[in-house]
Structures are given as C-alpha cells and as structure tokens.
Amino acid sequence: MLTNAILSGLTMGGTYALVAMGLTLQYGVSRIMNLAYGEFVIAACFAALVLFASAGISPLVALLVVAPAGFLLSWAIYRLLLMPLVRRAPSRGALEVDSILATFGMLFIVQGIMLALFGGDYSSYSYYNTPVDLFGTTIAANRLIVLAVALAVALAAWAFLMHTRSGTAMRAVAVDPVAAGLVAIDVRRVAAAAFALGGAIAATGGVLISMFLTFNANIGVVFTMKALIVVIMGGVGNVVGALVAGLILGLAESFVATFVDPGLTIAVTYAIFLAVLIVRPQGLFGARAR
Amino acid sequence: MTDRPVIAIGLGALVFAALAFVPYMVDGYGMSLAIAIANYTILATAWALFSGPTRYISLATVAFFGVGAYTVAVLGEVLPWPVVMLVAAINGCLLALLVGLSTLRLAGIYFVIFTFGLTELIRQVVTWYEVKVTSTVGRYVFLDIDQQAIYWQLLGVAALLFLSGYLIGRSRLGFALRVIGGDEMVARHVGIDTTRAKLLLFVLSALFMTLTGAIMAPRWTYIDPAIAFNPQVSFQTVIMALLGGVQRLWGPLLGVIPLTLLFDWLNAHFPNHYLLILGIVFMLIVYLLPQGVAGALARLRGLRSRKERASAAMKEARQ
Amino acid sequence: MTETVLSVAGLTVSYGSHVALRGIDMEARRGEIVAILGSNGAGKSSLLKAIAGLVGKGMEAQVAVGGKDLSLLDPHEIVEAGISLVPEGRGLFGDLTVAENLRLGAFARRARAGEPERLAKVFSMFPRLGERHVQLSRTMSGGEQQMLAIGRALMAAPDFVLLDEPSLGLAPVVTQQLFMTLRRIADEGTGIVLVEQNTRASLKIADRAYLMENGHIVGGGSAADLGADPAVQRAYLGLAGDGAAARQM
Amino acid sequence: MTALLEVSGLTKRFGGLVAVREAAFSVNEGEVMGLLGPNGSGKTTTMNLISGSLKPDTGSVRLEGRDIAGRRPHAIARGGIARTFQLVRVIDDMSVRENVISGLAFRENPLWGVSANVEAEKLLARVGLGGRGGVFAAELTYVDQKRLELARALALSPRLLLLDEWLAGLNATELDGGIDLIHSLANEGVTILMVEHVMSAIRRLCSRCVVMNAGAVIAAGETAAVMAEPAVISAYLGDEDD
Amino acid sequence: QDAVRIGYAVSKTGANAGGATTTTIPNYELWVKEINDAGGLKVGDRQMTIEVVEYDDRSSSEEAVRSVERLATQDKVDFILTPWGTANNLAVGPIFDKYGYPQIAGTSVTDMAPKLAARWPNSYWLLGTGGSYAEGLVDLLVKLREEGRIGDSVAMASIADGFGIELAKAGRTALQGHDFKLVYDKTYPLGTQDLAPIVNEVKALNPDVFIAFSYPPDTLGLTDQARVLNFNPKLFYTGVATAFPLYKDKFGAAAEGVVSLGGIDPNDEKVRAYIARHKEVVGKEPDRWASFMTYAGLQALQQAIEKAGTLDKEKVNEVLRTGTFDTVLGQISFDNKSRQVPNIFTVGQWQDGEFVGLEPADHPGAGKLVFPKPAWPAQ
C-alpha cells in the first residue's frame, strides 16, 4: 500500500509539475498571465491523438513534432499578439490586467477552434498503458514516462536558469525588464524565448498526459488552474519550486486517497496550498512577492 | 459645492426608481436579461469596491455568491425569507473576515490564486460534508419567487451598493484604500491601519456578493456545489469589471452591460461558433480599449491618458 | 587608441506634451570626464536616459559613437555599442545576488573577454561588494546599492560611462575614493559623462562641463574656467545659504 | 532639555548579519540631531526600527517615556513620528495635493474635505511646491518628489521627524534652500533626527551627532567634537573637503 | 404558418458539453433531419417542416433559464426540447411549466422524478430514478448469489455528484437490505485524475463485485487502472460512458463483460435500424443508454403532435399524458403518476461488441449475463 501510494503520488505529481513548469516560465519571465495555457495543453492532447489515430504515430515520437510546434506557435503568439500589450503597458500591474484579458480571449479562440475541429465529445486512447512492476507494486508505464520527463525538464530548466549566462539573463528579465536592457540583454527576444519555451513544455505535457487521460475541448481551464496552484505554491518563475510543489500535491492526493478518504483528495491539495501561502506568502521557493 | 452629493444621490435615486418599472415593460426574456445584468452589475461593482482602489484582484467572488446561494438551498424552505437573507449575510461576512485575515500578507498574483484556491476548498468541503452527512449532493429549492421579485430584490441591493460605494468614495476610508493601492508601506507610515481598512471594505463587498447569491438561488430549483461555486462567475466578474474600468464607481457597469448583451447576441446568432467569435471580439476589445471602456471615455477628455503616460514614464525612470 | 567620440546633436525629448529637452548638442571623448551641471528639472537625467535609449518614442536626435548612429537602437544595442548607464535610481536586479548583478553587467558580447579581471577590479574598488557577493541586492543598504550599480556599469567594458549622480548616498570617504577612481578610469581611456550635484568635487575631476537650464544647454567650457567663473559659482556652488538660494527653491 | 526619543540596547539581525548592535542614544526635545556612519552601518535600519517598519530583536525605543518598540507603523505614525524614505516614495498616480492629504487624513486629529485642501496648499507652499498641487506626483522630478515627501511627513504634524538622506541629490543651491527649510522647521520646535552624508549640511544643522559603524554607535556628542574624533574620520569622513 | 418552430438550449460548451454532444445534440439533429427528409410533421392535414432555433446554455443553469425564456417569449417556438443533464432540466422546469411546454427529459436521473412530475404536470422523466438502476443491479447480484456464483463481498466507489451519490445511496440500501458485505464504499470528487489509489485498495480487498457509479473520465480511468493492475473481479461495473461507443473503441476486446447502466436489445429491428440511421446521419453510433431515451422522447413528441393534429400545447400534452407511443424503447406510455417509462433496461453488459440489456430480466429481449467477466486481455 505505502509504495503504491508513493509511486502513484509521484507519478501524478510529476504530471502536475510538468504542466506547471511551462506556465511558471511564461508568467515568471515573460510576465504573461496566460489563462489560455490549459487550452494549449489540450490542443497538444488532440494533436497527439490525431497523429496516433490517423498514422499510428507513438506519442513519444509525436513529441518530436508537437513540442517544437508548441515552441514556434507560442513564439509567434508572443511576437504578434502579446508584444503590443507589453510595449504599451505603463506598468507591470497594467500588463497583468491586459494579459489576463487578452489571454482570456485567446482561451475562447483556441477552445472554439478545438470545438469546431473535434466537437465536445470525450476523447481517450491508451498508449503505454502497460503494467510495469516496480518495488513490488505495479504501475502504468505511461505514468512513469511522465514522471521521468518531468524530472528531466525540471533538471534541464534549473541548470539552464541557474548556471548559464542566458539563463541568468532570463531571470534578470523576470526581475526587471528595463534594467535588463541596460546590461545589453535583448529583453524582447528573451521574453519571447521564455514564453515559447513555456509553450513547448505545455505541448510536451499535453502529448504525454493524452496517453492516459480522458479529455475534451472544454477541460483546458482545469489544467490552467491546477498549474497556477502549483506555480504559486512553488514560487513564481521557479521551476524547481514547481517540481517540488507538484510532487507534494501529487503525494498528498494519493496518501489521502489511500489512507484517509478519496473524497478529500482535492480538498487536501487546496488546504496544503493555502497553508503554504499563509506560512510563506511568496511560495516555497519564491522571492518576496510584489 | 457642498450640495453636490445631495444632487448626485437624488439623481441616482431617480434612476433606480425608473428601473423599478422595467418589469411592466418587458417580457419574460427581457426580465431574465435584466436580471442577468443586475446580477453581474452588483458582483462587478462590489468587486471593484475593494479591488479597484487596492488593486488586489480577488477570485473569491463566487465563494460569497455560493455561500449566499447555499444558505438559501439549506434554509430556504425552513425559515421566512428575510431571516434566510439575514443568515446568508452573516455567513458571508464571517467568511469574508476569514478570507481577509488569511490573505493579509499576500500580494499580487499570490493573492489572486489564494482566493481562487480558497473558493475551491470551500466547494470541496461543502461537497464532502453533503456526501458524508446529508448523503445527497445537490439540493432542490422549491420556492415560488418569480422573476419580478428577484429583479426587484437585486435592484434594491444594487441601489444600496451604489449608495455606499458613492459615500465611501468620498470618505476617508475610500481614500485610505487608494493610498494602500498606491504604496502600502507609505500608507502605514501616514497612520493608516491598513489591516482594518482592507478588512472593512473586503467584508462589505463580500456582503453584497453574498446577498446576490441568495437572491439568485431560487431561480435554478436545483443547487449543487458545482453550480453554486462555479469559478466561471468569479472570472466573469473580474473580466467585466476590468473591461469596464475599476477606477470609478460606474466603471464596471460599462463592462457588464455591453458584455452581457454581447454574450447573448453571439449566443443567439452563432450558437455553434460562439466561443471562437467571442474570443476574437474579446481580443479586439482589449487592443482597442487599453484602459477599459471607462478609461476610453475618460481619455476622450484627455485626463486619464496624461496620468497614465506620466506615471508610466516615471516608473521607467524608477527602474 | 582610436579617438572615438560620443556626439549628440539636436536632441529633443518630450514626455507627452511636456518638452524636457530642446535641441541639445554635446559631445564627449574617450579619456575625458564631461560634467553636466544643472538645477533639478534641468533635464540631466533625461539627457542620459535619451542617450542610453530609455526614452523610446517622444525623442528625436542624432546620437552617434565614432560615427555609428545610435538614435534608433534599443538599449541593449546601445550597450553593445559601448555606452553604459548608471541610471537615476540604480536599476539593480533586486531579487538577484550581488555577484549575479555584476556577472550580468558583463552580459554584453563586447564585455565577455576579460570579465574576471574586471570583476576583480570592481571588488578592489568596492570591497563591500566582495564581502557581500551572495546577498540579494535589494537588501543592500542605499550606498551599497549605489556601489553595485556603478560596478555593474563598469563590468560592461564600456567606451563611455554615463553616471547619474553616482555619489548619491555615498559616505564622504567613499565619495572621495569614487571620484579618484573615476579619474583613473578616464585616464585609462574610458569616456565619462558625469551628472553630479556635488558640483565642486565633480568640477575638480572633470575636463569639461556643460551647464543646463530647463532643457537647454546654456553654457560650457573647460572645468577649470567654469570653476573659476563667479556666475557659475553663484548658481552651482551655492556660496553659503543666502536668501537668494532659498527663494530659488 | 528633556529627551523626546530614547533608544537603548537596540539590536536587529538579518540572518547572520547584525545590522544594528546594542545601539543607544537619545534625541532631545526641539533639537536637530544627525545620524551618521559609513554605508551599511545601520542608519536606515535604525530609522526603520524607530518608525516601526522593522521590529527590533531586542532593545527599547521610548517616545516621551512610552516604549513604542515593535508597535505597528500606523500607531507610531499617529503617535507623532513621521518619516521620509531614503528612496523617495510618493504615490505616482495621485495628485500632489492628494499625496499631502494622505498625511493629514489619518493623523491623531485628522483633517478632511475643505480644511484638508487648505492645509495641504499651505504645506506645499511651505516646501516650495506652492501651486503645483494639481499635477500628478509622477511628473515631479526627483527633488520635487523629495519636497513632496517632506510635506506629507509634516502633514502628520509630528513630534519627531525622521529624515533619511533627504538632502541627497540636491545641487548646491537647492541644498542651501533645503537646509534653510529644515532650519525653519527646527525653529518651530519640530524635533528632527536626520541621516545625511552631506557634511556641510550636518555642520550647519545639527547641534549633536551620533555616528554608527558596523551597526554599533561609535561616537556621540557635539557635532564639532564628534567630527574631530579620529575613529570617525578614518571610518567615515576621510580627508573630507566638500 | 407552414413550419413547426422547435427550439432547444443545450450545453455545446462547458462542463456538460461532453455529455450533451454524445447523447443529446446528435439525436436532436437526427430527429429533425429525418422528419424534414420525410417532408415534415403531419399536423392535421398539413405537412409542416421543422425549423430549429438553438442556443448554447454553456453548461450554466442561469444561461439555460435565460435561453429557454428567450425561446418561449421571444422566438415563440411551438415546442422546446430539453437541455442535457439533471441540473439544467430542473432549472428550466418552472419555465416549461409556466408556458405549458411539454418537458420530455431524456438525460435526467433523479429520485425526485415523481415529485417533479407532480409539481410540473407536463414534465416526463424517461431516464427514471437513480434508485431503479441501483436496484436493477442489486437484483442481478442477488440472483448470482442465490446461484452461488458470487459471495457477499462488494466494493463500491462513486463520484461525489448528484448522480453518483443518488445511485450509491440506493445501492447501499439495497445491498445492505440483502445483507451483502460492502468491503469498500467511498466517494471521490469531480475532477479526480488519479484513480490508481482506489483500484489499488479495492484490489487488495479482492471483492467478487466492483461497482463504480462514475462519470466518463473516471469510468475510463478506472477501467484503465483495473487493466494495469490486472484487477479482475467476477463482476466489473462502471458508470456513465461505459455504454458509449468511445468505450468500445478505446478498449476493444477488453470491454467484453463490463457491466453498466442502460443496454439494448440488439436483435430488435427498430433498435438496429436506429443505430444504423444514427451512424449514417451524425457519423457515429449512439450511446447505448440515454441516447435511446432521448430519441424515444422525440418520437413520442412527434407522434403526440401528429395524433393531436395540432400545435396546441395543451392538446399535445393531453395526448402525451394518456397515449402510448411506438419508439426505440418499444411501446411506451407515461400513463402513470411519475411520468416515467416503466420498461427500460437498467443494467447492461458488453457482449461481443454490443451493449446488451440484462435487467429487468422480464423485459422483452433481455440478454443473459456473461459470467464471470473474462480476465482483461494482456496489452
């Protein structure tokens, strides 16, 4: 039971973390509160489904196409749709408002397109739903894959942000775009890159969870909110924070489900989230808010 | 100068009096449209009452709305209506106190998502309680309160809301909140008890949201946590308020009316591509009306834009 | 070394309707310190911001380094061109450490070579930065932040440094050291444009100076001459608190 | 003279670093006292401890005998201690007048409405911003914003005024004006504790000085005497000649 | 007027869209197309084609209320088809009642059905009560136990939503009434994504019977997990979406033997024809549960109108209350207090590619239970 709980907790947490990491980059660095984030995740789910159903392409192969596509699409969106807002925003607060409104519209558009293409039906297919025996318990391969990818992405992102020049530049933009210009950082490029990177991660997450999750065109917002919870709990812009927060929530869910009452799983995750913020208003790893 | 408030209040009273006759002029659909507008007018205005000056974006709207609705669901058939409303109001205020106190140290996006999480938690707990204790999720509210009654109640609450909003706007409390929104540290050092001020207004705005929820509940016959605590309500409130503009008392109104009508018109004409078109329209609005409708109006008077520019450029200077 | 010149011609800056700078012409050479004097609101900071590309729209001018036109470039490109600014209000990355701030100072491609040496130099100039290199810059004291801002600007290996009131908030002893260091940096071939309220001290180290009044350049010349000019002394060296000065406030 | 403010045993740590260590000094009714020290010696922190933005780890701060250490800032502000900030803090998108009113509206005996407007104009004229009440604070230059900040502090009609490098960034002429302004305040009996790095100002304004170094008070007393102490010269002044 | 105006507001977007686009919307479209292709409704001596007015209630009670008000008072349609789901049908109930429209709900499972029928005399609740489904299932279990093929141990998980809780409640009572042992009886909230813990725990308890009163995402999730953990109870029962074509498509052979609500008689001509037409017109098969009730309701409405020979709502209601109608559910009538269809399948099972109705066993065309459920095929 215990190993069961831990394993399914970690895998679920990995899912949350993976999805959240993209958002933490988009909001933390590019300062875009992207309410359409979940829609992009679902779009990736559909992309994977289509590739799988039509051409029998394995989701893992699909990644090689969908993730870069996510990157390019997000880049374009930032350059064409969001840059004007960034340019005109007198202050960070104003940008926050504008980006909320704009991405809210984007949410509708993406959802509308998916509805037009796929209708509102539930979609679901199974891939790598094969049992793997681990520490004397059994778990679906596809979930292990997600966990592995989540860890890999987190590690890569962390190394990049903390130990490379461009990574530091990205954090600098996150802290203060104007000052970043003063040290020869091309703020627009860095911000666009971060946003696009976030998009790529969202796509990756989408493709992977499509292997075991039932989805339809309308549930994007679920992922946006879950991701936001994780992002905030971990501390805005902090990928490691997102990873830790995601895993904590996942573990909490499966432990409560196993040892207390499945009826309380979601309640508990929110309770933990709130408790963390009450104790640490800036999230687990966040620098002070505001 | 001194009698300006009197005039303003008088005018307001006239407008509301006129609005009271709407039911005699429109059909059932007109009524439900009027109700929808009244509903969101209260929510958005009450929201802006706190979030406008302080710039704390709250997603807890539906928490209070839902608490109101649920109080009715539980007590509606047991107690006389006024008592039910009273209980709802009390519940709402207590909850608001709780939320307010627990969010004191939070700022920016952390506050936003906290309020969202709290709402979801409440919804989960209510569900769990219903399952465990009453072992029914979803309650049936058979109250014969017709549209007119609901509309008039909403109208009354709205009148109250605008009155208190107007008075607060001219009071030291309202001013204190603007200072807090400007720079909380400064606010403390000029002697503002920021905690008290924020709590006061938060509770007040929550009170109005709760009442709205209570009034709307009988309209749906059936209420479950998913309906009562549907986060969409919070989002829509914020969006409408922001689009209208939160710096003035009547700002949100300018978001609520056009958007409600827009939603309805699109739904009627493009039931199948509603979202897609809505989204496009929406983005256009954002790009064409930078500071919301109210801002746009004001900019015609050239007043606000100058301010925006100045503070903008200056903020850069500060960086 | 080649004689690169930073030249500004016909610079006009307006914030909305308000015109802050009108037709400014000025230039600075590598190896010299040019002081810019003027009472508050004269437009000194605007001038520096404009050169650094921070004013964006609302500005028209010919700004060039060694013939290369800068007037349309973004801030980051201007830094690459060899001009770095210590802005009014410092513009540090508050949530990053002192060390990270300094490393970012050398982000410019032109500055990557010889970064370690320059870092060592900065640390020897401001030992406090060395002691505190892991502290979050936002938590540094006012003066410490000022030191960091200057240090960061020097990390960009600039041909020209624009300093907006560098002595602001520095203890006297540090100020004296700073001014001596600035002179040395100039002598080593960097051009320095110095906006200072500490007129006497700045005239002492400057080669030339410009006088600004509400958006215009109203005079200029060699620092020595200006320092001796009674008019200048009255206006900028504030000989004792006579009533005249008080009324000027 | 009686001590208006009495600080004793004041200590504040930030992690490993002791920013203020066992600081003790007192400010007398009606005097202008200087708080000096090298960068990072703990002056602003001390100001923050007095004004309540920071809570001391240990030690007491007495205003007319009442210990106010660790009380919340708004209470201290109403209790009669007003302050300015080392980095100017005005409210950008409020008018200059409103900024001043924010100081009037929440003090012990608040002003509101017409009377507040009138008083605000008086204060603005007082700091040299007469007639600018209508413009937005954002449009003022750095120095004018400092003036505005002072007006806001005065609006609280404080017993004790804390100025953190309020004179920094003024050119010589403005400096003279600023000094005169502070003088006039002192003459009206406002007690002032000021942090400054501009020695000429200190000499002309402060009867007494306290000098801190590395968080501790290393010298206190008559300005001239203090300035002559070798410890102060080596740690802070250098061979100063400004 | 030579066209019948028919209006409906359903959830094309939002949380309910999944259900509505599977069950409700396709049948509405199918029905309209069929009638119009046939030249229209026969009203008295006139052939009237159908003209549709449709809205999206965005899965919100408030929007549903407003849209239906609009249909009734603005568009003044002749008849209004019902929205998807219990909540929205209850929300719009008062309006249907106020304007005298027949409310034929094909997607509302509620124990309140009788009460509602009493309150709104023109409302009809084809999907029946939660109780009926739970009891149908328990009858089956009781028989199995009498035949000594299962023991007492039953594990039950349910979604914490009106539907899940009602069925769980009824099931619990019935099971305890026949003193079964509920070794596991827990609920999980809407939006639960990780069902591994539940299946893990249940598997450890090794019950003969596993019942999940679940919603589509968790129905599929639970089945997935059961396969991964190779959890093979003798009887495996999951909730909504088990009877969806999606389930068959996703699990193929693995679906074999899975039990759930609803079911059909695959040998019934009408049923086969309906499935074929549905596939042909909307491009996918109907689900094997509520689609049938929905479509039957439409057929009843059509026949009632034609019998009444007028568009007058009161007359049509009269016919609906008293008449019998020939539908995919067979001959149905609402001639009872609770305005429900007495004879619908409450329990069905996937048997080589078709979801066959089992209970009530005396229901014509009822199939035999495949028992025990074959073990999950390896994947």
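Labels for the chains are A, B, C, D and E, by order of writing; each one numbers its residues from 1.
The rule we apply is simple: contacts are C-beta pairs under 8 Å (C-beta built on N, C-alpha and C of every residue); 3 or more make two chains touch, one makes a residue touch a chain.
Just so we're on the same page, UniProt names per chain: A = Amino acid/amide ABC transporter membrane protein 1 (HAAT family); B = Amino acid/amide ABC transporter membrane protein 2 (HAAT family); C = Amino acid/amide ABC transporter ATP-binding protein 2 (HAAT family); D = Amino acid/amide ABC transporter ATP-binding protein 1 (HAAT family).
This structure is a prediction, so every number in the text was calculated from the model and none was measured.
Under the touch definition stated at the top, chain B and chain E share these contacting partners: A. For chain pairs A-E and A-C, the one joined by more C-beta pairs in contact is A-E. Averaging C-alpha coordinates per chain places the centre of chain A 30 Å away from that of chain B.
Inter-chain spacing, taken between the CA centroids of chain B and chain D, is 42 Å. Each chain gets one centre point, the mean of its Cα atoms, and the points for chain A and chain D are 48 Å apart. Residue positions 12-15, 160, 187, 189 of chain E are each in touch with at least two other chains. Residues of chain C found to touch two or more other chains are 15, 45, 54, 87-89, 91.
Counting only residues that touch two or more partner chains, chain D has 139. Contact residues of chain E toward chain A in the complex are 11-15, 17-18, 20-22, 59, 157, 160, 186-189, 191-194, 196-198, 200-201, 204, 216-217, 220-221, 224-225, 227-230, 241, 244, 246, 250-251, 379. Interface residues of chain C, counted against chain D in their complex, comprise 15, 18, 37-41, 45, 88-89, 128, 139-144, 146-147, 165, 168-177, 197-201, 235-238, 240-242, 245-249. Contact residues on chain B toward chain A in their complex (touch as defined above): 55, 57, 102, 105-110, 113-114, 116-118, 120-121, 124-125, 127-128, 131-132, 231, 235, 238-239, 242-243, 273-283, 285-287, 290, 308-309, 311-312, 315-316, 319. Residues 12-15, 54-56, 58, 60-63, 65-67, 69-70, 72-74, 86-87, 90-91, 93-95, 98, 112, 119, 160-162, 164-166, 169, 187, 189-190 of chain E are the ones touching chain B in the complex. By the touch criterion stated above, chain A contacts chain C in their complex at residues 165, 168-169, 171-172, 175-176, 178-188, 287-288.
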